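Each chain gets a letter, A, B, C and D, in the order it is written, and its residues are counted from 1.
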Amino acid sequence: MPDQTHLYHDASGKTVVETRFRVRYHETDAMGIVHHAAYITWFEEGRSSLTRAVGCPYSQVAAEGIDFAVVDVAARYLKPAHYDDEVIVVTRLEELRSRSMTFSYEVRLAGGQLLVTGSTRHVSVDRSGRVASIPETIRARLQGGRNV
Amino acid sequence: MPDQTHLYHDASGKTVVETRFRVRYHETDAMGIVHHAAYITWFEEGRSSLTRAVGCPYSQVAAEGIDFAVVDVAARYLKPAHYDDEVIVVTRLEELRSRSMTFSYEVRLAGGQLLVTGSTRHVSVDRSGRVASIPETIRARLQGGRNV
Amino acid sequence: MPDQTHLYHDASGKTVVETRFRVRYHETDAMGIVHHAAYITWFEEGRSSLTRAVGCPYSQVAAEGIDFAVVDVAARYLKPAHYDDEVIVVTRLEELRSRSMTFSYEVRLAGGQLLVTGSTRHVSVDRSGRVASIPETIRARLQGGRNV
Amino acid sequence: MPDQTHLYHDASGKTVVETRFRVRYHETDAMGIVHHAAYITWFEEGRSSLTRAVGCPYSQVAAEGIDFAVVDVAARYLKPAHYDDEVIVVTRLEELRSRSMTFSYEVRLAGGQLLVTGSTRHVSVDRSGRVASIPETIRARLQGGRNV
């Protein structure tokens, strides 16, 4: 598959992934723009890309017996995206703690214009739903081997 | 909770449920109408109402160790629904076989105008995903005790 | 239609609406719980109920030539909802300014347990997308005639 | 952008586009598989890719003053897709008439396994919602210049 994902570390060493895709028609609403809840699913797709890009796909996280439950979501809407726009979600691992992590997001048009910013916070939970430490193998990959 | 569901049997003895709700904004698209995939989720909500109304809520079906996998969906779109419209989904159990069943649907405006028709076919599967007989207790309730 | 909506004013005079509905199957995800983006659409449904309950349905807002664009969304996830749960969205008009407003939300199980809290901020825009004053007739209704 | 779309004409001269993407988490449901309504949105994404690939993006169709309203949808579900699967939607323009057209779809895993088949039928409507002829420039591009 051609790669739609660009992985790098920013100046402060944080893991960043850019994911590029087109707006789907069903993501629009009667205002003629992308519905505000759709961006929340794009943030999720950005996280998926990041974890996949660093070698921690969901299948591996699940194999470790943990999940990353969403505990907080925030989004600020600056400009709307439209059907067929090519957008880029810039996902950054802002903070990685022993049992939680925070991502930030920027949704941009392919041309660069910033549309939406946001963040999500997650806690690591085991199969019974209890808060659990993030396994060391996963931590190391998320950080790109930089701060372990 | 006030009851939004009306259960009856039609002239041929088939179980029918009418479910009434309003169109949600996120179900619309940039044409200003309800997106065509949203009606497929309304069909599902109609089925949920029917199984609940006859005393077979999902929790009981799951407790019997089976699921009703969707194998066919069809829909015909006559007129569009719009945001804030009050709609009625008329769900009819058209056929109940030993290991499968078929529902038909009519989506109407509260005033009566027919918007969309459709059907879905389902097979009963056990937890390993194999086709399995529909348990007799569930069959009896779905039929309303008429043809057992 | 049986009324699923309960409108009142709280001790501080704020307009509040409680909206009650069941979780739809398509709102769940592979964790077996309601997907976190679905709550954002429930917040929207809560706002729709509130504006409808106070006599400002969307059709009237549109007839005034304005829309309420979403500029901020936040949600905190405490406990998950599941398919078929009956939930209540408590929507409160927290602040009404000349050109913007803020709603807060609580999503509860019908039995009372708090699942999710959140807020949204909106600005009034005209058809060309420019920020515009909220028409006085709409303001008065949103406030329930209390603080006009 | 790396190209995720492959356009060709089959042995009978029909226009075909293959579109490749990954399953998003929010497209799954509590059965742990992709929700059946999500495939309907994938069909739409397949159509979008086809019209874009032949040089008829939505913006051009809109500029001609027409829309392609969905009048029929059908889907058959053979095997489920799961989160993170890479899938291919094969979209084929089966029939192009003066005022309507029919597409067929195959959803496959990247490895080839067939998951879902389907079809949609559309009529060309003008801005007032009346059935209208498909403009010749659009017809020619959809057919790839073969049967004009």
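Criterion: a contact is a pair of C-beta atoms (placed from the backbone, for glycine too) under 8 Å apart; a residue touches a chain by one contact, two chains touch by 3 or more.
Every value quoted in this text rests on a predicted model; they were computed, and no experiment measured them.
J.: C-D versus B-D: which has more C-beta pairs touching?
T.: Output for the comparison: B-D.
J.: What is the chain whose Cα centroid lies farthest from the Cα centroid of chain B?
T.: The chain farthest from chain B, judged by C-alpha centres, is A.
J.: Using mean CA coordinates as chain centres, what's the gap between chain C and chain D in Å?
T.: Taking the average C-alpha coordinate of chain C and of chain D, the gap between them is 35 Å.
J.: What's the distance between the Cα centroids of chain B and chain D, rounded to whole Å?
T.: Computed value for the inter-centroid distance: 26 Å.
J.: List, in ascending order, every residue of chain A touching at least 2 other chains.
T.: 25-26, 37, 41, 44, 83
J.: Could you list, by residue number, the parts of chain B that touch chain D in their complex?
T.: 31, 36-38, 40-41, 44, 67, 69-77
J.: Which positions of chain B touch chain C when the two form their complex?
T.: Chain B residues touching chain C: 1-4, 20-22, 24-26, 41, 44-45, 48, 52, 57-59, 83-84, 86, 110.
J.: For the complex, give me every residue of chain D touching chain C.
T.: 25-26, 28-30, 32-33, 35, 37, 82-83
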